[in-house]
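Each of the next two complexes has chain A plus one more chain, namely chain B in the first and chain C in the second.
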Partner chain A sequence: MTNYLLKRLGALLPTVAVPMVLLFVMLRLAPGDPAAAIAGDSATTEEIAEVRGRLGLDASLWDQFLGWLGRVVRLDFGDSLFAELRVSGLVFEHAQVTVQLTVLALTVALLIGPFLGIAAGTRRHGLLDRVLVFGSSIGIAVPSFWLAVLLIAVFGVVWQVFPVAGYVPFSEDPVLFLHHLALPAISLGLVEAATLFRYSRAGVLDSLHQPFVTTARSMGLPERMVIRKYVFRAAVVPMVTVVGLTTGSLMGGAVVTESVFSVPGLGQLLLTAVQRRDYPVIEGCIFFIAVVYVLLNLLIDLLYSLLDPRIRY
Partner chain B sequence: MHTTTEPLLRVSGLSARIGDLPLVQEVGFEVHRGRTLAVVGESGSGKSITAAAVMGILPPQITAEGSVFFDGTELLGEPAKRRRARGGAEIGYVFQEPMSALHPLLRIGTQMIRPLRHHLGLGRREARDQALELLEQVGLGRERKVLDAYVHELSGGMRQRVMIAMAISCRPRLLLADEPTTALDPTVQQQILGLLVRLREQLDLALVLISHDLGLVARHSDEVLVMYDGRVVEQGPTAQVVDRPEHPYTRALIDAAPRLGRRPDRLPTIDGAVLEQTRAMAGGAR
Partner chain C sequence: MLRQRFQDLVRDRTAMAGAALLGLMIALAVLAPLLGGDPYRVDPTITLRPPSASHWFGTDEKGRDLWTMVVHGARTSLAIGAVTTALAVVTGYVLGVACGYFRWVDAVVMRVVDGLMSFPSIVLVISLVGVLGDGVATMITGLTVVLIPMVTRVVRGAALAVKAMPMVESTRSLGSRTSWVLLRYVAPEALSVTIVQAALAFSVTVLSVAALSFLGIGLPPDVPSWGTSLSAAQQYFYSAWWIGVFPGLAIVTTVLGLVLLGDGLRDVFDPRSARK
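Presenting the complex of A and B:
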C-alpha cells in the first residue's frame, strides 16, 4: 500500500511535467503578444519592443525555457504580466471560489442523481422511470451555461429570488454566499446529476438480478433492504469514477458558467489570462488543474480499494 | 415412519414458461421431512427452474403455474410479501456457484447476520454468536476470521459451506440444493454432499438435491426424479431407478457416468436431446 502510494506520487511528476512543457511551447508559438497588449493599441513598434525586453520575451525560446524551468521547478510561477500580483496568490484565491462552487454543485448532483437512479432502476419501464430517463436525456444534452441563462431568466429576472450574478465570500456572509452561488451550483449540479442518474440507474439494473441479490431474496429479506444494502452497494462502486471525473472537470473551472454568473473562479481567471496572453497566470492555472486531476485520480483509485475488497494495492 | 405422514412439500402439475416457450411441464413430486429427493437431468432439463419455482425466485420473465403445496399451504399465487418471508425461515436454498451467490463486497458475517436478525429477531451480538455456531455446524469451526472475510478470500469448499450455513441459519424445514457441488473439486464434492445429508438428519430437513450427476447423488438420496426436456421421465426409490431404469434416458444417464476401470470409446447419446426447446426458441421467442 505504502509502496503503491509512493509509486503513484512519483508518477505525478511526469504526468504534470509533460503538459507544462507542452503548454510553455504552445503558448509562445501561438499568435498574440502580451507585450502588444500591455503597451496598448496606440503603442509604436519601439514601445512594444521595450516592453518585450522588460518581460524577457525577446530572449531566444531556449533561453526563456531554461529560465522558466528554473523557476517552475521551485513552484515559482512569477507575477502576472498585467498586474503586480503573484500568480500563486491569484490561483489560490480563485481556486478557493472554484472549490466552493464544485462542492456545492457536487452536493446538488449527489442529492439528486443516485437517489432518482435507484427509484427509476427499480421501477424499470414504469412511468417514473420513463419520465426520469427522458428528463436526464435533456439534462445531459443541455449545456450547463444554457441552463444557467434559463435559471437566471426565471429565478433572477422574473421571480427575482436569486441574484443574477456576483459572489460574496463565505467569510463575509455565509447566507449571501449561498444565495449567490445557488444558481451556478444548481446549473452545474443538475447537469452532473443527469449523468449520475444514468450511471446509478444502469448500475441498479445491472445488479438487480445478480446471483448474490437473488441469494438475499432467497433468504427472505424484504425488497427494500435488498435494494438498499445489496443492489445499491454493488452499483455504487462504478459511480465513484463518475463522481471523480465530474469533480475533476468542475475543478478545472466551469469556464462558461462562471462567466455567465460572474463568479471569480479559476475558469474566469484562466479565460482572462488566455485572452491577454498572460503566460505566467495561464501556466499557474494549468499547473494547479493538472495536479488536482492527478490527485483526484489517485483518490478515486484509493476509494475503489476501500469500496471493493477485491482491489488491493 | 415418515412416509406415512403428510409430505412437507407436494408439487403437482408444475409448469413454467417464458412467453410461449415451455421450460418445465407437469412436474410433480413429494418430499417428506428427513428424506432426500434427488432431481437429476442434464443442463436445460428444467431442474433449476423447478427449484426456483418452488422457492419463488424465478426471474420475472418466467411464469409458473400448477401447485406447490408446502406444509399445508399453497405457495403459488401467494402474495409476494408472504412468499418472500418464507425464504430462509421455512425454505432454504443452496446455490450452485457460491462465488457469485455471495455478495462480493460484503463480509461473510454481514451477509449471515442480516437474515438472522430479520427472521429470528436477534441482536447484533447474538446474531454474530449464532453465525459462529453455524460455521461450526458446517465444519468450518468457530472462526471469526471467516466472518470477517470476503467471499473471494475463501476456498471453493469453504464458500459452499458458508452458503449452506446461511441457507440453514433461520431454521428452514425444506432445503433446496441446486447443483451444490458442481463448482467443486471431486473430493470436496463428497464432503459437501455428506454435510448436506448430515444436516438433513440433524435438523430433520426435507432435502431436494439437484444434480446432473446421478452417480454422485444416488448414494445420498432416498428417491430420484429424472427430468428430461422439462418433463419428469422417471421417478421412484433411488435403488430401484438405478438398478432397473425403465426410461431409455435414465439408462443413458447411468451409462454416461464414467466408471473406474472402464474406458468408453464414446459416451452414449440419446436422440432428441433438448431439441424441442431449441426449435421453439428458433421459431417463436425473440
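Presenting the complex of A and C:
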C-alpha cells in the first residue's frame, strides 16, 4: 500500500512540476524585461533593479533555477510584489472560497449529470435520450461565463431572487453563504453536468452488454432490478475517475466564474496578479491548484479500491 | 480509403449539421468586411439601441453596430483558433508519432504531457499570459502549449498500436529503415485520430479565446471579440439584453458546430473509440 502510494505520487509529480517549470522558463524567455514591465512605465532604474533583485532575475540562469527550486520545495513563495503580504497566506485565504464553490458546483453536476445519463442510457434511441443527448451537446458548447451572465440577468436582475455578486463566509451565515454561491455553483455545475451526462450514458450503454447483465436477465430478474443492481453499479465505478477530472476543470472554470460574480476566490487573486504581473502570487496560485488536483486524484485512487473489490493495491 | 470515409461523413446527419453550423460561422468570418460596417467606428449618439432595420443586432455601449462586432468577432475567434489548432496539431502529431515509435522520446515527452494534461488549461493560459504579457502572439503561444499534450497523447496511442501490427514487424524484418516504416505505416495511420483531435482542439480554442477576452486578458480591448462584447453586457444587460445574447449565441453556434462535427469525425475516422 505505502509502496503503491509512493509510486502514484511519483507519477503525479509532473502535474505540479511541469506547470511550475513552464512558468519559470516562460518568465525568463519573455520578450522585454519583465522587471521593467512589473515596475511600471514611470519606474526609475533603481526601482527596476530592485524588482529584478526581488524576482532573483539578476543571477545566472542556473543559480536562479537552483534558488527557485529550493524555495518551491520549502513552499516559500515570498511576498506579493504589490502588498506586504505573504503569498502563502493570500493563496490560502482565497483558496477556501474557491474550494467551497468547487464543491457546490460538483454537487450540482453530480445531482444532474449521472442521473440523466442513466435515464437516457437505459432508454437508448427514445425521445428522452435524443433530447438529452442534444441538450448535452449544447451544454458542452455553452461557456459557463455566458450562462453566468444569463442567470444573473434572469434571477438576479429581472426576478431578483438571488444576489448578483458578492460572498458571505459560511461561518458568518450559512444561509446567506448558499444564497450568494447558488448562481455561481449552478452556472459552473450545469456545464460540467453535460460532460458527466455523456460519460455516464456511455457507461450504461457499455455495461448493458456485459455478460453479467445478460446472466441477470436470463435468471428472470425484472428489468428494473437488473438496472439498479447490475448496470448502475458497473456504470458508477468508472465515474469516480471522471469526477477527479471534472474537479480539475471545475477549478479552472471557477477562476472565470468568480470574476463574473465578484467572488473573492483564487480566480480573483490570480486575475489581479496577472493584470499586475505579480509573479510570486501567480506562482503560488498555480502551485496550490496543482497540489489540490494531485491529492484529489490520489484520494480517488484509494476510493476505487473501496468501491471495486477487484482492485487491490 | 479516404474517399470512402469522406462519403461516410457526408452521410452522417450529426456531422453534417455540425459542418453547416461551422460553415455558417466561417462564411460570416470571411465575409465580415462585406457583411458588416467598420468595427472601430464609435458613435456616441446611438449607444445601446435595440435591434432595428439599420442595426440588426442593435448597438453596444460605445455605439458600435453589434452585428458588425459579431461578424468581426467571428474573424478574430476563427483566425486565432485556426492558427492555434494548426500549430498544436502539427507539433502534437510529430511529437506523438515520435513518442509512439522511440521509447526514449516517449519517456521524456510523456512525463511533460501528463503534467500539462491534468492541469486546468484555462488557468495555465491565464498565467502564461500574465508572465509573457498581453497580445495575440502570447495568447496563441499559451493556447498552443496547453493543446499540444492533448494531440500528442492520442497520436501516440495510435502510433503505438500501429507499431505492434504484424505488417510493421514484417516490413522491419525485411530490412526497412526506420524512416520508411514511420512514413509509410505509422504516420498515415496516426493521421485519422489527429483529424478528430483537430476539431476538439479548435472548439477548446474558441471557448478559451472567448473566456480570456471576457476576462480582459490577452486581446487588446478594442479588437472585436465575442468575449469582450459579453463582458460589457454584464453592466448593461437589464437595459440592453441584445449585447448579452447575440455574441453568446455566436460562441455556442461555433462550438456546437465543432462538437457535432468532431463526434461525426470520430465515428468515421476512429470507430474503435467511438462505438464503445
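Simple rule for what comes next: the second predicted complex is superposed on the first by the 258 of 313 C-alpha atoms of A that agree within 3 Å, B and C clash if a C-alpha of one lies under 4 Å from a C-alpha of the other, contacts with A are read in each partner's own complex, and residues count from 1 in each chain.
As a convention for this text, a residue touches a chain if its C-beta (ideal position, glycine included) is under 8 Å from a C-beta of that chain, and two chains touch if they have at least 3 such contacts.
Being a predicted model, the structure only gives us computed values, none of them experimental.
*Asks:* Who does A:14 touch here: chain B (first), chain C (second), both, or neither?
*Replies:* A:14 contacts chain C only, not chain B.
*Asks:* Just chain B (first), just chain C (second), both, or neither: which does A:309 touch?
*Replies:* first
*Asks:* Quick check on the superposed pair: does A:297 touch chain B, chain C, both, or neither? Answer first, second, both or neither.
*Replies:* Only chain C is touched by A:297; chain B is not.
*Asks:* I want to verify the contact counts: of chain B and chain C, which reaches more residues of chain A?
*Replies:* C
*Asks:* Which partner does A:220 reach: the first (chain B), the second (chain C), both, or neither?
*Replies:* The first partner, chain B, only.
*Asks:* Please work out whether A:286 is in contact with chain B alone, chain C alone, both, or neither, and reply first, second, both or neither.
*Replies:* A:286 sits against chain C, while chain B stays out of touch.
*Asks:* Go through the superposed model and pick first if A:234 touches only chain B, second if only chain C, both, or neither.
*Replies:* Once the two structures are laid over each other on A, A:234 reaches chain B alone.
*Asks:* Considering only the touch criterion stated at the top, classify A:212 as touching first (chain B), second (chain C), both, or neither.
*Replies:* Only chain B is touched by A:212; chain C is not.
*Asks:* Taking the touch rule as given, give the residues of chain A at its contact with chain C in the complex, in rising order.
*Replies:* It is residues 11-12, 14-19, 22-23, 26-27, 30-32, 34, 37, 137-138, 140-143, 145-146, 149-150, 152-153, 157-158, 202, 206, 245, 248-249, 251-253, 255-256, 259-260, 270-271, 273-275, 277, 279, 282, 285-286, 289-290, 293, 297 of chain A that touch chain C.
*Asks:* Could you pull out which chain A residues touch chain B in their complex?
*Replies:* 209-212, 214-223, 225, 229-230, 233-234, 237, 307-310
*Asks:* Taking the complex as given, what residues does chain C use to touch chain A?
*Replies:* Interface residues on the chain C side: 111-112, 114-116, 118-124, 126-133, 145, 203, 207, 210-211, 214-217, 230, 233-234, 237-238, 241, 244, 248, 251-252, 255-256, 259-260, 263, 276.
*Asks:* Can you check the complex and tell me which residues of chain B touch chain A?
*Replies:* Against chain A, the touching part of chain B is residues 55, 57, 59, 81, 84-89, 92-93, 95, 97, 100-106, 111, 114-115, 118-119, 150, 152, 163, 166-167, 170.
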